[in-house]
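The following pair of complexes shares a single chain, chain A, combined with chain B in the former and chain C in the latter.
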Partner chain A sequence: MAERKISVMDSVRKASQSVIAGVDEKDIKHWVEIYIMGKAYKVPADLTIMQAMEYAGYRLVRSCGCRAGFCGACSTVYRKKGEYKLQTAMACQTRVEDGMFLVQIPFSPAEKPLYDIKKVKYEPFVLLKYFPEISRCLSCNTCTKSCPQDLQVMDYVQAALKGDFKAIAEDSFECIQCGLCAIRCPAEIVQYHMAQFAMRMYGRYGTLRDKNVEKRIREIEKGEFDKEFDRVMNLSMDELKKVYTEQQNTREVY
Partner chain B sequence: MNLVKDNKKMRIPYFPGCTLKTTAKNFEISALAVAELMDIELVELPRWNCCGTVTSLTSDDLMRHLAPIRNLVRVEEMNENGEIKDEYRLVALCSMCFNVLKRSNLRVMENSEELEKINNFMYLEKDYNGKVEVIHFLELLRNIGFDKVKEKVKYALTGLKVAPYYGCLMLRPKEMGIDDPEDPTIQSDLLVALGVETINNPFKTRCCGSYQTVRDKYAVAELTYDILSRARKEGAELVTTSCPLCMFNLAGRQKEVMEKHPEFKPMPVLYFTQLMALAFGLDEKYYGFDQNYIDPRALLRKKDLLN
Partner chain C sequence: MAELKFIGGYPVYMRESIKLVEKTRPKRIGKLLPQMTSRERVDILNLCHPDYAPGGKRALKIGPNRGDVVPNEVADLFEAYPLIDPDKIDLSKVDYEMDILIVGGGLAGTSAALLANDNGIPTERILLANKLRHGDANSMMAQGGTQAADRANDSPVLHYIDAIGGGHFTNKPDVLRALVEDAPGVIKWLEGLGALFDKNDDGTFVELTGGGTSRRRLHACADYTGLEELRVIRDEFRNRDIPVLEFYPAVELLTDEENKVVGAILWNMETEEYKIVKSKATVLATGGFGRLHIRGFPTTNHYGATYDGPVMAYRTGAKLRDPDTVQYHPTGAAYPQQIIGLLLTEKLRTSGAQPVNKNGEEFVFPLEPRDVEAASFIRECYIRNNGITTPTGMKGIWLDTPLIDILSGKGKTEKAFPAMVRMFKRFGIDMIKDPVLVFPTLHYQNGGVETDPQGSTNVKGLFVAGEVSGGVHGKNRLMGNSTLDCMVFGRRAGMHSAEYVKEGVKVGKLGFKHVEKYIQELKSAGIKTDRRAPLLLPDYRGKAVLARAIDIF
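Coming up: the complex of A and B.
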């Protein structure tokens, strides 16, 4: 038989094969057993927690959002068989493992104070005024260990006690507001709301206003974009789909 | 002891605490500046957290000791990653921070089971190995020698009558105190080196009222009245402290004192480092007098010690 030429598809197929060194194909686990709220299911091993729940027949109305690790809606608490530690994750970003006991936390009933950013004074103790619980922090670091974004949560809570807006804004920059820190905190601190408040304050009072942003705001207020908006708003559904597809093709989507 | 050798700067880990970053900035500014002049670089602990404010005395509530121990772990980390070379002393300025850090350190060093529990709790993080020694800035100066402080004095504060106030946190309990708990002299020994005429206030270790100030400010105002009136009776013109809480009670509560005792005249209370900065002839921005509850500048000008 003539030697077959390696096609592009072959190399793709090869690349997607299991490449665990020294492990036989027959030893690789393709199926895992997970427990969703205590009930056992067999699911393919390469699914995320979210996909696995859907595979098992759940239809997620809450606890599911962007499916890309950005929105923070799919908080999961789990424990692995034989371990005592409760762990946390984003369901859309974490692969299932054998023996996972899973539950989704679709909502954190955390307190969220109201404030008018224009009237709040930019001073250290304002953080304690709106979030007095931060003074109960014992530095146990449970929040940091529960953060699916690997943020140094305790460090920014401690920065809040020093009134260091900049440190809070920088340390919490990648927060996706999933609320797991607050759910796990023994001092009932609402870390993520506090961080967002601090970030807003720092943005408004602690940093220099960007000239381009101000220019664009003036342009918007002058109505320079109204015409274009009106055009898009008046498109028919089919025209809108066409415009949307074109726009998606011409821009880098991230 | 790791003293100043060959004019080389001493680099030593330093714990500021939250108050020194907010209502007692003048304490930190002046202390860092005078330390620098004495060839000491106080290197702020990276990622420091709350000292643990007020040592927990319960036997089973170890959670309360996590915060102080965590800070001590940072000192060991600084040594491990080469930020500091073989320097396991941790300097505190605030008396409260000093007290809490040192007591937790002593506690876990005497009780290995508790240390193990704390280390187990901090799983996935670095253990505390018990290498750190917590010291107060005053202790550091005493170790270096107050005569060395005297060498740096540019303008002796001659004629200024100062009554140092100690309170409790750097003295008691005596196992951790830095001086005689009944009759401490460490502050006045330092002040003498600055050329100050020190006044011995018999109430120098009396309670300032501590956190009672939150519950009943007038009760605390009475204590302030007693302490300051006695200092004045002994001839003092101002009082020094190393504790931001004492500062708040002795100076911040003078408003309430005057409500109850209209004849009482305000008396400035300073951090001892502010007087050092003044005597060392440092730039005015290192004095931080504008943040003092009772502005001492009028008095210091009258004494010809300030422009």
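Coming up: the complex of A and C.
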């Protein structure tokens, strides 16, 4: 029995070896050539840009965060050999391609206005008050084209000019604040800070509050569950296990 | 070898198996296998859960938890020498003198800063130090939701019972009670700060269940829950202008003559210069350990999840709780190669996606507690040989995601799981039409530095919050209780460290006595190694390059 358990774990370890400890050159079938800040490196073709940089020998400190497309740390700019187009990507979510000339953006300098959400008035004009540079928007759509999340960035900047908090919140909700739009914007707008402000304002003032949660907080404060807690916390282990099983049998599914 | 032919992101041979999944799909709709009995759960865990299978753990040789069994990768870090040489650090020049130092800026650390400030600590007396950027944390990657028992058919007591059963009855009762009783307050706090939770037209929250959760009580922001929660409270933090350092990990804590924790040594990752922070209280909110790749598993975790907090705390004498248990999330991506190990939220299963094997057959109730669900996937792949093998040798089972749209209407998947749909689309797969391949992935550090309901530890001046701590989840955490843990105990640690400071703390002479003592213990235990800790970052550099590297500067 014990032997089989060990061998299962060994098989699991072996199966994911290529992700954790890297691959041996002899096992690689497909290669591409990429240029990291101008230097050429031959790397396996099935890696992300981030994994390829590591394979090439870079130990990342900047430009590497969650490695899963949620944090916006690994903003990357690249041009492919023979192409005029400057492209943007998240290094952790983009496969390497032959002939990529790439560089990472380690930091995006951006001013953020400070505000007190409890005191700001929820009115359309407030967006322009805190982010006057949105009025400089040229409608060139460069922000939208540079967004690695494929958000309609220019649309929400335009919505901001109209003071439409709901539209901004919906269009920018999936923003990971990588900063690529702001770096590319010829009007020097910091789109993601504006969107953050608008989302919070919409969340606080533009949506209905949940009543159940407030009721429950009052019940807890009044100690309405104390008796039941005392009972459950004093059950013997066997009794507690029984209570748990019974509760699981009454579960809501979906 | 012939070139592989791909259709819709999958090689042709995997397509054959997808056809079988499609064939059985109509019969599976609305029909689920029964949940396992307690006995069956114990049996499958013993059979093939990585935490239970032999060969992965050893007893600690030194420190407050000497004799306790922990994963080898964890023991390696406790049985390692410090990064700094205490004799070479000049403690006479203090760079920052603070009331509260917070190490780690995810949901827990950021909440702690806000609540310390709310409770009378001026902003300029708080310092938040981050290893990477403020917000670089597992928190940011949380997808599924945050539990809070706020519906009429639910109660904090039911939440408590679910969590303690899910944790195999090993949770610390008073700490768990604090978690469930604070939960509705946390949701209201976020709502007031402007977080955009999924809501119905009447303003009530859309709530779902999770594995081992008997009532619908998960509050979500699509599948970007952690991102939304963190960016909201981080924005609030920034508006208050609280001092923050980025790319400045703590590499050792400081103690005084009474062995109180009185600050830390920070290290500038770029210039390599150290800075000395003297503080009356220190809150550790450094997160978890996914990047240790325990038992060789891929991970869902952030780049910086390297167990730094417990390593530093242990040297000051802090006790650990449940350091032996690791949570493997059942549904990590197993294909394509570029995203192996990344998280596919449990919410996919609560929304109707079923796990099925290579023949399109169901083999487990989709919402068992995570450890049980994960073990059943491992059994299906490696004992029953019903998994699907990828071109690079990974094995996995199908998560039948097209069921979500079938059950809840067209467009549901895209609306509820924009991050998941986007991730697969980037690699040529449409999860609305096709199932996705999954295998358990290293997800969460269940235990850690033992905490009490206030976020205090057995070491004076040292507070903990979030994944770094141990006790609240026992030996297995339920979905939706991690972001909750971060905010409940981040807030509590912030509040209580503020109280601790306000009661009057006399900081003695800054020193490294605890480190010197620890080094002595390592030596007396006969531990000869060149391992040094904390680890700070994993190293994924190519082997061929490392073999030829010369260390010049």
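Here is the rule we go by: the second predicted complex is superposed on the first by the 182 of 254 C-alpha atoms of A that agree within 3 Å, B and C clash if a C-alpha of one lies under 4 Å from a C-alpha of the other, contacts with A are read in each partner's own complex, and residues count from 1 in each chain.
As a convention for this text, contacts are C-beta pairs under 8 Å (C-beta built on N, C-alpha and C of every residue); 3 or more make two chains touch, one makes a residue touch a chain.
Keep in mind that this is a model prediction, so the values were computed, not measured.
Enquirer: Going by the contact rule set out at the top, does A:S75 touch chain B (first), chain C (second), both, or neither?
Expert: A:S75 contacts neither chain B nor chain C.
Enquirer: So, does A:S172 touch the first partner chain B, the second partner chain C, both, or neither?
Expert: neither
Enquirer: Looking at chain A, does chain C or chain B touch more of its residues?
Expert: Counted on chain A, the partner with more touching residues turns out to be C.
Enquirer: Can A:D164 be said to touch chain B (first), chain C (second), both, or neither?
Expert: After superposition on chain A, A:D164 lies in contact with chain B alone.
Enquirer: Under the stated touch criterion, which partner chain does A:N212 make contact with: chain B (first), chain C (second), both, or neither?
Expert: It touches chain C, and chain B stays clear.
Enquirer: I'd like to know which partner A:P124 touches here: chain B for first, chain C for second, both or neither.
Expert: A:P124 sits against chain B, while chain C stays out of touch.
Enquirer: If we overlay the two complexes on their shared chain A, which of chain B and chain C does A:C137 touch? Say first, second, both or neither.
Expert: After superposing on A, A:C137 lies in contact with chain B but is clear of chain C.
Enquirer: Which holds for A:C64: it touches chain B only (first), chain C only (second), both, or neither?
Expert: A:C64 contacts chain C only, not chain B.
Enquirer: Have a look at where A:R204 lands relative to chain B and chain C in the superposition and call it first, second, both or neither.
Expert: Only chain C is touched by A:R204; chain B is not.
Enquirer: Give me the intersection of chain A's contacts with chain B and its contacts with chain C, in residue numbers.
Expert: none
Enquirer: Under the touch definition given earlier, write down the residues of chain C that touch chain A in their complex.
Expert: Per the stated touch rule, the residues are 1, 32, 35, 38, 47-48, 50, 53-56, 132-133, 135-136, 138, 140-141, 148-152, 155-158, 160-162, 164-165, 169, 173, 177, 181, 184-185, 187-188, 191-197, 199, 202-205, 208-209, 212-216, 221-222, 224, 226-228, 231-232, 235-236, 238-239, 241, 247, 269-270, 293, 295-298, 300, 302-303, 336-343, 350-352, 367, 378, 382-383, 392-395, 407, 418-419, 422-423, 426-427, 537, 539-546, 549.
Enquirer: For the complex, which residues does chain A have touching chain C?
Expert: Residues of chain A touching chain C: 2, 4-6, 8-9, 11-22, 24-25, 29, 46-48, 51, 54-62, 64-71, 73, 93-95, 112, 114-117, 149-150, 169, 173-174, 176-177, 196-197, 199-204, 207-217, 220, 225, 228-229, 232-233, 237, 240-241, 243-245, 247-248, 250-254.
Enquirer: In their complex, what parts of chain B are in touch with chain A?
Expert: Going through chain B, the ones touching chain A are 18, 21-22, 47-50, 52, 63-64, 66-67, 70, 121-122, 124-125.
Enquirer: Would you pull the chain A residues touching chain B in the complex into a rising list?
Expert: 124-125, 137-141, 145, 152, 154-155, 158, 161-164, 186
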